Amino acid sequence: MSAPADMLSAHVTPAQERAPEERVAGAMRTFVQEVGALSAFRLESCIHCGICAEGCHFYIATEDPKYTPIWKVEPFKQAYKREASPFAPFFKLFGLKREVSAEQLGQWQHLLFDSCNMCGRCSLICPIGIDVAALIEQARHAMFDAGLAPAELYQKAARQRETGQPEPSAEPYREQLLAIGRRFGVEIPLDRAEADVMLCVPRTDIEQYPSAVAALARVMQHLEASCTFRSDALVAENYGYYAGGKAWQRDISLRLIEQAIACGAKTLLVPECGHAYTALRWEAADLYGRPLPFQVRHVSEFLAEELQAGRLKLKRADTGRTTFHDPCQLVRKGGVNEAPRQLMQALGVDLHELKNHGGFSFCCGGGGGVVDIERAAPLRYRVMENKLREIDDTGAENFLTSCSDCRHTFDDARAHFGWDKSPRSLLELVADNLSSADGRS
Amino acid sequence: MSRLADIPVRVEAAVPGCGSADPGGQGGSGGLGGGVTAILSELGELLTRLATQGEPAAIDLRSLPMTQLERERLRHALGDGEVQATVTAAGVSRINETGMAGVWWVEHRDAHGELQAELLEVCRVPEFLARAQDEIAAAGQALSRGARGGS
Amino acid sequence: MDLLGFARGPALKVAIAVFCLGVVWRIVGFALLRIRRDLSAPRRALLKTLGAGAWTVGTRSWPHPEFIGRTGAGEALGYSYHLGLFAVVLLFTPHILFLRSLFGVSWPGLPSSLITIIAVLTLTLFLAVLFRRITNPVMRMLSNFDDYFSWFINALVLVTGLAATAHVGGPYERLLALHILSVDALLVWFPFSKLMHAFYIFPSRAINGALLARRGAVS
Amino acid sequence: MTRDTAELVGEALLRHGVSRRAFIKFCTAAASALALPPGAGLAMAEQLRQRPRPSVVYLSFQECTGCLESLTRSFSPSIEQLIFDVISLDYDDTLMAAAGEAAEAARTKAMKDNFGKYVLIVDGSVPTGAGGAYCTAGGRTAVDMLREAAQGAAAIVCVGTCSSFGGIPLADPNPTSAWPVSAIVSDRPIVNISGCPPIPELITATLLQYVSTGQVPELDSHLRPKVFFGNTIHDRCYRRPFYDQGKFARTFDDEGARSGWCLYELGCKGPTTYNACATVKWNGGTSFPIESGHGCLGCSEPGFWDKGSFYAALPEASWGKAGRTAPHQVLELGAAAAAAGAVLGLAAAGVSRLHQRHSEQSGDQGDGPQGGATGG
């Protein structure tokens, strides 16, 4: 089914244990190794116009040139030119591009992790059509292999890979999940041998938004879908993806893939979690090494499909003047644009779009693991101001989103700024407004 | 094509005021045609200098290519004066005073009648009309010899 | 052989050879790096994806309305000097004759005086672009030797071309020779520089557009 | 005549019954041709009358006599006047009545009597191949005669493109190893009046000016008088406005040609040719090539025979040997270079891939599938 477990383990040591030269060598090796024709093309094409800066909210908020997206991969551009580009011998021979130094890489940790949400807005503004975000993702892989992933992300990824849980909890998630079912009076389908749909949850929901977990179970129940959680793969998130540990990302994804295959699922349902969608919908097959034997759907997509098929019936929800935050990984990078809007329309939501919405939406500020990096908080708050203002400017009383990381980031900002709004989960709104025409709910 | 005249050549005026396309010659200023207005104003300046400082000058008309029309306009503008001199020396030269006192229209032709030089001289009398010292001396000697021989 | 003969004879040959060699070398050199098949299930059918890629080539020529406020002026400046360059390079009669002698095809040109005006405007825009590169903190930080030298060599071609048309700064044939030599230098520099974006820009947009369309995202 | 008894120009004029007025007229015409200030003709006449008549030796080497033909067709000042009144043409093997040894004797005598004072006019290029055997007179080679004559010359005037720049004899493959005068004589003032042939007025006016002032005129980098060679034909061309408007004749009998439009596209070399054709013109100011519908050939420029077709437009690339069209050559060259580029590119990509595989196998990155959806 997959590569043997021992081959999957990457011998990555934390930063402090490695000599600087070793670190640089590791980073460069990984980056250069990973550069294929597409990335090489991206690195070749940049004309240094600086326009990508205007797409990035880190630059917009600070006007600090170092936050220019393409600048965030500068050392790797340098490495590519020296090591793998068609004229690499010239660059090397004449010393046209200096070797990247350990110090330089250290500085770039801040640029690649603390100040990049991997939101992909830069890839949409580039007049040449360079997918800058894709390069940043590759640069993160290299940083990880240099032992330069931020400690928070690194540790969570390591733990998740080992135990399936990014952080220890008083009670295992399995127990917590069942407790949520009891608390909200909804049956949690767990470890069924056979199911059409395999479910998982964001650990953010287990810890912070149990109502969202219950909502998922309730909606699935309403749809009478054959579905199950699997104890061995409950968590939707993938900290390997954030930390840039590609092998770890694969290991973590494999847990879900293996369990989905084990229960014969036709669909792997990604809950309200943006980066989990990217990791499972778009990247998992490549890491797995062959096409996945099931389809991957975000819960909003899944529900929109059910709505179209007439199986999901909704009441009109009174949410007042409402706006919607498009999670980057779902919309800009994932194409899940129509589904949430179809659901909102069916719910009769009075939707007032943000100034920048759909594919052009600004990130909540927490994406790319930034919300987990403690030292990045001041910068993150600064960047978020613009987003909060946009939400205020719609005049909406309520706002919805379909990613619990975004939700968590907004709630964190609410506490920090004393803001008066809190995002609601679209899934929960759906669960709360299931039509009882058939007597259920 | 048997005869030169059969070749249908037409010259289109590219420069305003230079050619048949501008029969009135209104656009006489600028371009390769030199421009009658420019010549007249320069003559005015040269005359002032002659009057105040006694300094003679000249304008070489061959260096200012003009169309027949422009030439006629210039002639018309200057008018005719009192003196019309014809000098026969290695061809014919005509020195005509113009209506503007001090401006002389000088035309030198060779023995074949080809124009060799054409100037507008600004002076009291064109130096060309005067005789050289050595010529006068030679003439004096010749007359003296004749008088002696005759007596 | 005089300088002009050298410029448009052997030097031009060498320049064209280096240009072709370098361009193909560079493109083949990275295009033949491995390309992994994307194993994820596409959201859109292949044909739609490719269509969206082609469409992006056009749409990415101008910023999306969401971006115009921040990038419109910069992009307009960039495009306008490119247009000026194209007009001067492709519509000036002596250039058309030059290209005709090389490729055997020709097309009508614009009046030389109009081209001169365009060239002067383009040069002005060139200076504006350089000024922007130096004063804009982002561009200044990103810029390297390539950016400045590519600017310089293009400006040199413009200036020598203008000097040759205006007969300023020496005898015409020397100015013309310098102009052609600067073009030779440009051709030699081209494959090793950012000027390669002339070849990259459209495929790059198409690929980005297609990859985004494959996921059903806006491009 | 000897140095001490040299006759003054004025005396000679009187002797031939040429009045002062006739001479002023002659000088005025010359000054006009030289584009000197209008008053200069008079001054030149007065100066010249006080100067001794210079002896002139005219040597012809590898030439076609076109230049001399041109000189004798000078309208103003005419050659007759020039020869009899202003200069003393003591040797010219084409024009002089004497022949054989008598002619050579006249040359030797003139050079001896006027050593250091005579003007040497040279017409034709000087062959140096085969020991100079390609051009001899009276058993002496051209190189020899030139060197000897140059020794006593006050100045050398090279008439025509052959003596100025080598002209046709020097054109590729230059079988006689012909050289211009300036390549052989370097210690005498040289004035080049180039052109194939040169404009006659330019020759006479330059001589006249030299005689009247005793100084060579201001010269350009090719030793040509700036006053005649300071501007290109294109600068002074009456068809220039059409160039600026972008109106070009495309064939010799199209509407543009009939309308007198610019001949640039038909190969006119006006923009690179320095001469006075467009202002002094030919045949007594009647016309010049462009006026009669043909582009300038560039005959007054060095190497004009070897600068490609007369009908190739100026900015055209010059790709040497005929028989293969330039587009064909460009295609070949481009294809060859592109093929070489492809090989190098292949090699570069191959090396990079090998490098990547090697480091993957030995490196600490886990093996197996790589490259995310956004990677690769």
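Going by the order they are written in, the chains are A, B, C and D; count residues from 1 in each one.
In the analysis below, a residue touches a chain if its C-beta (ideal position, glycine included) is under 8 Å from a C-beta of that chain, and two chains touch if they have at least 3 such contacts.
Just so you know, these numbers come straight off a predicted model, no measurement behind them.
Once chain D is left out of the assembly, the remaining chains are joined by touching only within these groups: A, C | B. Fewest steps needed to get from chain C to chain D, stepping only to touching chains, is 1. The most centrally placed chain, judged by C-alpha centroids, is C.
Farthest chain from chain D, judged by C-alpha centroids: A. Looking at A-D and A-C, the interface holding more C-beta pairs in contact is that of A-C. Here the CA centre of chain A is 78 Å from the CA centre of chain D. Once the centre of each chain is set as its mean CA position, chain B and chain C turn out to be 59 Å apart. In this assembly, the C-alpha centroid of chain A lies 38 Å from the C-alpha centroid of chain C.
Per-chain CA centroids place chain B at a distance of 33 Å from chain D. Touching of two or more other chains is recorded for residues 25-36, 38, 40, 211 of chain C.
Shared interface positions of chain A, i.e. residues touching 2 or more other chains, are given as 35-38, 84-87, 131, 282-283, 285-286, 288-289. In chain B, no residue touches at least two other chains. Taken pair by pair, the chains that touch are A-C, A-D, B-D, C-D. Residue ranges on chain C touching chain A, taken from their complex, read 25-36, 38-41, 43, 56, 60-61, 63-64, 66-67, 70-71, 74-75, 78, 136-144, 147, 192, 194, 196-197, 200-201, 203-209, 211-212, 215-219.
Those residues of chain C that touch chain D in the shared complex are 1-2, 4-5, 8-9, 12-13, 16-36, 38, 40, 93-95, 97-98, 100-104, 109-115, 167, 171-173, 176, 180, 211.
Those residues of chain D that touch chain C in the shared complex are 232, 234-235, 243-246, 248, 264-265, 271-272, 274, 302-303, 306-307, 312-320, 325-327, 330, 333-342, 344-346, 348-350, 352-353, 356, 370-371, 373-376.
Across the complex, chain D meets chain A through its residues 344-345, 348-349, 351-352, 355-356, 359-360, 363-376. Of all residues in chain D, those touching chain B in their complex are 10, 14, 18-22, 24-26, 28-29, 32, 35, 38-39, 41-42, 49, 75-76, 78, 81, 238-242, 245, 258-261, 279, 284-285, 293.
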